[in-house]
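See the structures that follow.
What follows is subunit A paired twice: with subunit B in the first complex and subunit C in the second.
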Partner chain A sequence: MIDFDVVTLSRLQFALTALYHFLFVPLTLGLSMLLVIMESVYVMTKKEIWKRMTKFWGVLFGINFAMGVATGITMEFQFGTNWAYYSHYVGDIFGAPLALEGLMAFFLESTFVGLFFFGWDRLSRVGHLLVTALVALGSSLSALWILIANAWMQNPAGAEFNYETMRMELVSFGAVLFNPVAQAKFVHTVAAGYVVGSVFVLAISSWYLLKGRNTEVARRSMAVAASFGLACSLSVVVLGDQSGYEASENQKMKVAAIEAEWETAAAPAAFTLFGLPDVAARKTYAEVKVPWLLGLIATRSIDQKVPGIFELVARARERVKSGILAHAALQTLRADHDDAAARAQFEAHRADLGYGLLLLRFTPDPAAATAAQIELAAWSTVPNVPVLFWSFRFMVGIGMFLVLLFTAAFYFSARHSFQRNRWFLRLAFCSLPLPWIAAEFGWVVAEYGRQPWAVDGVLPTFLGTSTTTAANVWLSLAGFVVFYTALAVVELYLMTRMIRRGPDGLGYWPDPAAGT
Partner chain B sequence: MTGAGVDWRSRLKRDIGWLLMAKLGFLTLLWAVFFSGSHRCRADASATANRLALAGRPAAHHVPIANPGGDRCD
Partner chain C sequence: MLDYETLRVIWWLILGVLLIGFAVTDGFDMGVCAIFRFVGRTDEERRALLESIEPVWEGNQVWFILGGGAVFAAWPLLYAASFSGLYLAMFLLLIGFILRPVGFGFRGKMIEPAWRNACDWGLFAGGAIPSLLFGVAFGNLFLGVPFHFDATMRPVYTGGFFNLLHPFAVLCGLVSLSMLVMHGAAYASFKVEGDIGRRAAGVGKFAAILFAICFVGAGIWVFAGLDGQRIVSAANDAGPSNPLLKSVVLARGAWLDNYRMHGLLWLAPIGGIATALLTGLNLQLRRFGAALVASGLTQAAAILTAGIALFPFLMPSSTNPNHSLTVWDASSSAKTLLIMLVAVIIFLPLVLAYTAWVYRVLRGQITLEAIRRHAGLY
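This part shows the complex of A and B:
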């Protein structure tokens, strides 16, 4: 029997560790690219200040990088400890990109991080710039492989279920690699990381200008962050739109839940700017709508409908019924692999096997499911509507604010007037946590919106957990909370200490050698 | 090499040695608590079939599977 305490706790543990890990990842992605830009200016102009700037921001990058690695490893262990059935069921596909990510992170990224810190006096200017670029490339490639694995969970392309091994098996690595969801997710996530890095540099530099310290470093840093951040924040909006379009192609229920769209609206569908979704009444009250917008985002047309939750549940109901037939055929095939009739039935309904498995939450025998249980299974395909609705709107709202922030920063940078606009410096400093909040909301939309599936349409989440005890998961969860809290304290202590000391306190700038 | 330099190096070696020992001990503890054979979850084809209520029986006989069994980590 499935222990639903274990399911809930395992999900909680993975969500907490993933959300915590993603506090570090985007800053690593963003700062590494900003380091490349700063060092490129140094190589091109040979002005010492740009080298010193790269070194200073590199120290903050290094602290964050170390913490990010430490928090990422534990997530991979959880596939074995808490998600053993998931690992068996989809490990043939999921394992390859995870292994490649490990190679990228540990061999490429970590090796060049060492050379970045200890190679300043041993490598030529161009050689060191190449190392910094490889650190940034390694970070992005790590993200790419993780996002390929994650995208496969959202859109399981290039794999097929084998009833003899009882697992999904890879039939096309190319399809996994070039999964359109992976491409959209990768560019959106990496661009979001660049925005996080840019806001970080902008906010810390603003603090220095407000304090009247390190002004030479801060003004140059802000110029880089403003221009790079503006380009990236605009990219995040465009690429997020593409990500939404991909979701509307293969995860229509997620889009309907994000929109709290219960009924299918006439084309072109309006975008709900504000509303109060009521799950019990299956209605959204006090809606404020923008005509046409959802239709344009989700279908790139004005004549295609965006299906609502009721219509999608009706489709799910039919797929659950088809899944029952797939499950029954599989039952026979497990007893007799050569049963031609069962094989034919299975082939006809195999695409809906996952929907049949949803019934195991409500009955131990899908073949004996009642109409009420089929209805429950069909409605279980609807994720938590209010959470998705609001998470998406907070994410987008913050994203739009950051576009405005960077536009203003770019304007002040072009006019060399940062120091005359102290209100902007305060605003930029106070904006420091915003990109992290937006990024976390983004993951909530992506992963909570995937529920009830571990792998969309293939494996329900509750079937993926290990048959361990709730006490075991509680124990490891408590361990992670203690460990991660300690890491958070260390990270904040080291970061604030280094920022407070600044380029002047750390002896990077003004150049101590030039002053003597 | 000065005496201070030798002291510094030997202290560093000692500290690194202790750290490695502590790390090894911590990893052993983690292995014993979470990853040793007694904690490992068997999830092969037959266990997965049980998990998915696919014990392998003719489709005509819809016998509810009350206790899949054999898939506990114990």
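This part shows the complex of A and C:
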């Protein structure tokens, strides 16, 4: 019944389009905030240079914003095209934050973004600043709703399965809204976006200072980026995603996989700085550990254990067994809604229904599953350990480096000594791609680490797809790859072209003399 | 508190409001994109036409995004079955919708004619493809879509892409294309000064007449040539959202049942034809503001006409009509519908208010002289 080619291709397409979309989103989040800061200074001081800065960075913001919108549309509709069963199964809950995103956030952002570009001569200074601020507010609110939706996939609070409609239904909207995973994710992701924007401004301004061009704009831009970036990079690291990792079994499994912690260690657990996870042997070699650190990060205590993979798989095994009973009861209930015994059995085991569904990958009939198949299903709850282990370390490593970079930038900015420290300018320029790499790794940790679940403990990913053909998905996947690659080339070309011309090359934007 | 049945009808109406909001606002964006390449003869003229929509199209497009989100939240079965079933059509639509932001964002950044031409054709595709596909999609709703559900409620689509191009669906595609071109032309004639506006008005007149002919033609086809669907099992309008529990029969002309039962509903299709002709007339008389208003009303009337005909069906199935999705068995839970309704009541008026403010700030005609003055913007 399940076409695993479609599953693999759909996952690949989702990952590629999401990772691609996530190249533009963080920069939109960060740059919009920086535009607000720059324009606020302009409104307060009335110095033209700050208006010029706002306009210049605004042009780059515009190119990036177009790409963010273009790639975001794909995401909004891909759940329906490629993940139809997922959409049916959890749409009652998951659809709401997506719709609210459109209603409360994306409308705000998109309605005012046009005025940002076309409103300079039509609005008062304060009026235009208000417009810019609403664009920034809209993008951050947008992130909030999307992360509430995403957090529900990580920790599906406030919902229950309804056998009459064969889907999850909303029980408590408050639980969805105030999901602890959502709060942790929002702060972490939005702050990361602000860091991306700050590094972007810092790196490009460094390039101008190295070239000795646009120094007035560049120095001021660097000062803004340095202080904003320092505050945000500290937030990203301190308010890491981990605070939400206690919320559910899958999140615990994610921590164990990130740490490649096979056996539960004594509390407080050590953090593995380096190691070589071996999935086949279920061991990690050559570990270099920092005592206490993991226990502190993951449990915020020194006496709680961080469960290891073996322990979590053992728990999953029990839940698979319980899930078999839930699944069997569901078959009876579907034929006869009034069967009291089946209903009682279902009520007792409903929380584990998703674990029962995991078996469908190994046998069409979970009720007849063998011990070996149950074992396979239990071990299928372990995500790809080496990928998570290394993605997490690259992400954190870059995060730490960026804190240092912004600390130095802040120091030089306070002493007005950027131009005397050319090594730093070169370093800052070379750091340009780093926050994107970290952000993409962050996505991998969060979403690849969620596997095998589409919705943690509720719906396995392989069940979520549409009943389309592999040929269809090949076609759309190839189409997206070709089309997106072409767009990326054009976008990078335009960005570098605009940056090379710089604020002076553009003159005051719009510039009659420039001719373009 | 509102009961489940009422909530479902309200959400059917909200779906209509979102579609109408989309057609009335983003409709003219798509229409202008579809015609600006032909109406504007020089780069300057094309820029004038594009600048009439550039500051607003982004916000307008959110009606479509929100429509998608609202279908997901309120009609998850419809979202799942329609988007996965119409897989390649949706892919084409997405490409169209991706081309627009990119075309607008990139066009002005380089001056080379080849670059501008490429962006122009991208924008043309971004306007014309969706305009055509929306009608094709509606046409397929009347024809029925080849899908059913398996026992676990997984939607299974058994058609291919070219099944969607039934002659009736293509006619409906012409209906929507001519309707949106008319709307875009009316908007451009209102918003852009001089010859450019007048040329747009010429296109608009032609589109208005084409729309009226195709619209009437599609209506006759629905009456005489198509089997409509009718629910024959006992009503359970507040029952669980499970589309496998009802019986549906096919009958020639059954899509007009609602009109037969309530004569007043005929106002929708009649209004659609009348306002389209009024649009043409006003364009002829160079009353461009009045033409734009009339054309906006056409959008609403045409969408209402289709919605009323299909009600309570949302997406009829041609292969197993009993599995057709209806207002009564494809919605979210009452709780989700209620919460989302509260959100709509609070935020939709807010959206309308700030959108109106933005249009007010941007009021006034686009002149070639202004385009020359800020040559840098494109």
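Everything that follows uses one rule, which is that the second predicted complex is superposed on the first by the 495 of 516 C-alpha atoms of A that agree within 3 Å, B and C clash if a C-alpha of one lies under 4 Å from a C-alpha of the other, contacts with A are read in each partner's own complex, and residues count from 1 in each chain.
We adopt the following convention: a residue touches a chain if its C-beta (ideal position, glycine included) is under 8 Å from a C-beta of that chain, and two chains touch if they have at least 3 such contacts.
Everything numeric here is computed off the predicted structure, so don't read it as measured data.
Peer 1: Using the overlay on subunit A, decide if subunit B and subunit C clash or can fit next to each other.
Peer 2: clash
Peer 1: Between subunit B (first) and subunit C (second), which does A:K283 come into contact with in this model arrangement: first, second, both, or neither?
Peer 2: After superposing on A, A:K283 lies clear of both subunit B and subunit C.
Peer 1: In this superposed model, does subunit C or subunit B come into contact with more residues of subunit A?
Peer 2: Larger number of subunit A residues touched: C.
Peer 1: On the A-aligned overlay, A:T332 touches which partner chain: subunit B = first, subunit C = second, or both, or neither?
Peer 2: first
Peer 1: Which partner does A:R213 contact after superposing on A: first (subunit B), second (subunit C), both, neither?
Peer 2: Neither partner.
Peer 1: Quick check for you: in the superposed arrangement, does A:A342 touch first (subunit B), second (subunit C), both or neither?
Peer 2: A:A342 contacts subunit B only, not subunit C.
Peer 1: One more residue to check, A:T81. First (subunit B), second (subunit C), both or neither?
Peer 2: Both partners.
Peer 1: Once the structures are superposed on A, label A:R497 by its partner contacts, choosing first (subunit B), second (subunit C), both or neither.
Peer 2: A:R497 sits against subunit C, while subunit B stays out of touch.
Peer 1: Using the touch definition from the top, say if A:D365 reaches subunit B (first), subunit C (second), both or neither.
Peer 2: first
Peer 1: Per the contact definition in the header, classify A:S466: touching subunit B only (first), subunit C only (second), both, or neither.
Peer 2: Both partners.
Peer 1: Check subunit A for residues that touch subunit B in one structure and subunit C in the other, and list them.
Peer 2: Looking at subunit A, the two contact sets intersect at 1, 77, 80-81, 84-85, 87-88, 164-167, 334, 466-468, 472, 475-476.
Peer 1: Taking the touch rule as given, give the residues of subunit A at its contact with subunit B in the complex, in rising order.
Peer 2: The contact residues of subunit A facing subunit B are 1-2, 77, 80-81, 84-85, 87-89, 164-167, 327-332, 334-336, 342, 357, 360, 363-368, 463, 466-468, 472, 475-476.
Peer 1: Name, in rising order, each residue of subunit B that touches subunit A in their complex.
Peer 2: Within the complex, subunit B touches subunit A at residues 33-35, 39, 41, 43-49, 51-59, 62-68, 71-73.
Peer 1: Along subunit C, where are the residues that touch subunit A in the complex?
Peer 2: Against subunit A, subunit C makes touches at 54-59, 61-62, 65-66, 68-74, 76-77, 79-84, 87-88, 90-91, 94-95, 97-98, 100-102, 104-106, 108-111, 150-157, 240-242, 332-333, 335-336, 339-340, 343-344, 347-348, 351, 354-355, 358, 361-362, 373-378.
Peer 1: In the complex, go through subunit A and note every residue touching subunit C.
Peer 2: Listed in rising order, the residues of subunit A that touch subunit C are 1, 62-63, 65-67, 69-71, 73-74, 76-77, 79-82, 84-85, 87-88, 91-96, 98-104, 106-108, 110-115, 117-119, 122-123, 162, 164-167, 169-171, 173, 334, 466-468, 472, 475-476, 479, 483, 487, 490-491, 494, 497-498, 506-507, 509-512, 514-516.
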